[in-house]
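Next up is a structure, given as structure tokens.
Each chain gets a letter, A, B, C, D, E and F, in the order it is written, and its residues are counted from 1.
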Amino acid sequence: MLNRFFNNAVPMNGFACKPPQSVTPNDFTFSGLNKPGDTANPAGFKVTLVTVDQIPGLNTQGLSMGRLDFGPGGVNAPHIHPRASEMLIVMEGSLEVGFVTTLPETKLITKVLQAGEAFVFPQALTHYQRNVGKGPAVAISALDSQNPGTQRVVAAVLGSNPKLPVEVVAKALQADNNVAAQLLSKFK
Amino acid sequence: MLNRFFNNAVPMNGFACKPPQSVTPNDFTFSGLNKPGDTANPAGFKVTLVTVDQIPGLNTQGLSMGRLDFGPGGVNAPHIHPRASEMLIVMEGSLEVGFVTTLPETKLITKVLQAGEAFVFPQALTHYQRNVGKGPAVAISALDSQNPGTQRVVAAVLGSNPKLPVEVVAKALQADNNVAAQLLSKFK
Amino acid sequence: MLNRFFNNAVPMNGFACKPPQSVTPNDFTFSGLNKPGDTANPAGFKVTLVTVDQIPGLNTQGLSMGRLDFGPGGVNAPHIHPRASEMLIVMEGSLEVGFVTTLPETKLITKVLQAGEAFVFPQALTHYQRNVGKGPAVAISALDSQNPGTQRVVAAVLGSNPKLPVEVVAKALQADNNVAAQLLSKFK
Amino acid sequence: MLNRFFNNAVPMNGFACKPPQSVTPNDFTFSGLNKPGDTANPAGFKVTLVTVDQIPGLNTQGLSMGRLDFGPGGVNAPHIHPRASEMLIVMEGSLEVGFVTTLPETKLITKVLQAGEAFVFPQALTHYQRNVGKGPAVAISALDSQNPGTQRVVAAVLGSNPKLPVEVVAKALQADNNVAAQLLSKFK
Amino acid sequence: MLNRFFNNAVPMNGFACKPPQSVTPNDFTFSGLNKPGDTANPAGFKVTLVTVDQIPGLNTQGLSMGRLDFGPGGVNAPHIHPRASEMLIVMEGSLEVGFVTTLPETKLITKVLQAGEAFVFPQALTHYQRNVGKGPAVAISALDSQNPGTQRVVAAVLGSNPKLPVEVVAKALQADNNVAAQLLSKFK
Amino acid sequence: MLNRFFNNAVPMNGFACKPPQSVTPNDFTFSGLNKPGDTANPAGFKVTLVTVDQIPGLNTQGLSMGRLDFGPGGVNAPHIHPRASEMLIVMEGSLEVGFVTTLPETKLITKVLQAGEAFVFPQALTHYQRNVGKGPAVAISALDSQNPGTQRVVAAVLGSNPKLPVEVVAKALQADNNVAAQLLSKFK
């Protein structure tokens, strides 16, 4: 953030804040979003998020952006951003996107997007994207927080460190303890 | 909300807003939180939330509260409130509580609380409670939104309407499609 | 607050902020709210507030809670929370509650609540509670600020340090200076 | 508020919102603040507040202003603005101003201001002003809400409609019921 | 916005708000951002903004996005967004970008960005972009408001309707009235 | 800001925050606004802004104020406050005021104000004031930020340090490069 009142870099909102005399263009820049993310992983998906961590000048500006790369069949598994809404534009390929509403409806709102189509994921609701085209898919997303955070909801239940109690997981899955234990043990 | 400038009930923030001349104490009241919730269900858990839906006077006030009842072994399965942080006080019994942090840690912060102990669940992070005592357990919770919303994260993945694609669920579970299909088909 | 970007405990919003790797459950916990507050005082009332002061993990979460204990006839004298709305649930006994609206109505909205009844006090308006039952009364309250503050409005007028000028107090009371002086001198 | 998306005057934040094509300068104007307020009243004080009620264009802008007139010895009795901080500049005369901090200090911060001096009253804290000069005093104040509200704290305790219970008032005053009853009965 | 409490489409924040039962994916979608904007105009520039006007589901979500197209030498002339910060990613070509800080520095922070580079324009500061490559340039931008607004600052001074007084424009330009009058008369 | 939880002056929102025990009235005071600003400059205008820089107690209070002095014909050239709305009261003389709306209208809303008249400039929109009386003019303004910032929009285009590219300025002016270069070279 620009603040002419600081003589030194003091914490503002937890991050250092430079006086305007000493800010440089690099404090507001990030490079490399033209490179495809490496999708050679089990999910077939890679995200590059640019937050206040990468661009100090985002401090107090309430924004971040990201690049999402999907191999064929790649999935950005259901997740939330606890401190942000998200909006996404498909740049290349064909993405199925969806989010789920709160109780009592738990309604799935889903759509297949082609390049040039935008979609909104309301604040902190579970959402996903999947490449349903034959080639790679790429999207650019925007989030209304400089520090949105990400939580994959199944990983939060099956893959936390340490693990959740098997009985809690079983009730969540509406399954018995054996099923829950097996899923828990296999999840990395 | 109280606003002396309205001659009629006009929407303020989406909800009707009375002029102060015509508000009554009942606009600020809700009854019945002394009655134990019915925990005779598979989860062994029942929540009674009091939001702007139940108390019109909560409009614009940024708050809601709830009563949580747990039978022995009862579980409030992992869930999020997309628009709120939560704080909870155990009134009776013994509750194990926990929340999971965001990526990359996905760390479980958990504790067993006795009556009189309070705990905080940060905004929109997946959290759960479980009765680990022999009798019933009761808690009072507070949320910093008049309309916090609730989403059970496993239900969002396995129990949405319509269902998520099996391939998406399988990738989320790090399981094969058969396992995902079976969990999806059994989840109500 | 959880923020993975900090390597050390740096101030965030004025309070130290730990990196998620080093947070512990105790950063989110407070104990002792099951013990009745000591109401053997002139007001017959005791409050135990749990704010960011008591629970570091409340930082940035916009919430606090409290336990209110009333002996028979005990009164939580008219006060405001300058930075919060409040919602309250009566857990035991019978409480008369009320708040006063702004000018020009200065209308008292009041109600006698039994156990299990909830009530809302809008942001920063003068409000009070009084035990009108024969035994003790207990309530749990929630406030939508991590640092709500409390100001007893009569104490602000009669009991500040140093004291307000007697002429100001007299005008406020619509009384003469002698009455004001006497009230000022007796107020501790 | 200006919003080009509305074809008609629809409520925005509870107030009508015109499309920019039809706004006029008068939607942003208020007249008459050059006229001294009439201070021929027991308080020797008169305030003229200009809020969203007087200027529709203040809607969503988070501001209001006022003119304060004091006769010699005039007092703006201790009061709060539940939804605003206040800043004041003395235009003429000599004003003693003060505010009281929250518990546990209940500290009075006070100062005598001459023309050209500014002072800040933090959000929703009890504060007052008094003319300590020989002639009239005038101040201009600013508040950071389009609808700040005002509550005179002694009037909230002694002059509400209906009246507060005498026992509550007595405890607040640290006086006996007779004193409280007398003050209550005399307060208009 | 999704809000389960509404039976009909009532205004929320000035825009209609559907109940979740009746929302459809189209309420969250916008199409056509893959088509290059028509840059055959004097500026050599075209922006396509997607705000709450285009996507009803953006209501209350605090976000909007846009596509910026530049012909060779095309310029997005200095402008502000009065209600938003902006972040931009260059998708194709080479853009010189810059913003100017507030008084007293009025410092230009500028950089030439290649495809894959991101840049931040702090809230409501004057900024511009220019295509400094030989071919077309394309960028995707994000703004942290559902209704950010845009004001070209030179057009606000030279091209308002009605026009600003020539003396005001002359003083702003540090030029004489003749120069100001000529610029005013030529500006469309 | 007053915060009883700090034992030392630690940064809160980037500014030092004292514990209430050690705050003094001077932390909330600024002097000298009764002195006319020196308008013997080319603009015939002088502003004295009082922000958190001048009054530490404004920290977290969301407010600032200023005094505006105009010689005959003096102009406060078109400018924005990137982080604030503004409201103004004319104290003496006669001021023409105006602001310009966003695209696509770019409509000028203007009015001549006499002493005692108030006007609102919506958030971050370009606005100006001009003395259209024969004597001096004085106004008091309020802004809803403790750190509103000011940017003269023509100075941002013609007078930045370093200068904007001449081609960008020419396009903004809808003029050729020679005109732009001349204006740029003369602007100090």
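The rule is simple: a residue touches a chain if its C-beta (ideal position, glycine included) is under 8 Å from a C-beta of that chain, and two chains touch if they have at least 3 such contacts.
Here the structure is a predicted model, which is why all the values come from computation and not from measurement.
Averaging Cα atoms per chain gives one point for each, and the point farthest from that of chain A is the centre of D. Repeated interface, listed pairs B-C, E-F or D-F, reference A-B: E-F, with more than half of the contact pairs matching by residue number. Of all residue numbers seen at the chain D-chain F contact, over half occur in both copies; the interface is built from largely matching residues.
Farthest from chain C, judged by the mean position of CA atoms in each chain, is E. Each chain gets one centre point, the mean of its Cα atoms, and the points for chain A and chain E are 25 Å apart. A straight line joining the Cα centres of chain A and chain C is 39 Å long. Here the CA centre of chain A is 46 Å from the CA centre of chain D.
Among all residues of chain F, those that touch two or more other chains are 11, 13, 101-102, 105, 107, 110, 122-123.
Interface of chain B with chain A (complex): residues 42-43, 73, 75, 77-78, 80, 82-83, 96, 98, 100-103, 105-108, 110, 122-126, 128, 130, 149-165, 167-168, 171-175, 179, 183, 186-188.
Every residue of chain F that touches chain D in the complex is listed here, in rising order: 1-2, 4, 20-21, 23-26, 28-35, 50, 55, 57-58, 61-65, 67, 85-87, 89, 91, 101-102, 104-105, 107, 109-111, 113-123, 140, 142-144.
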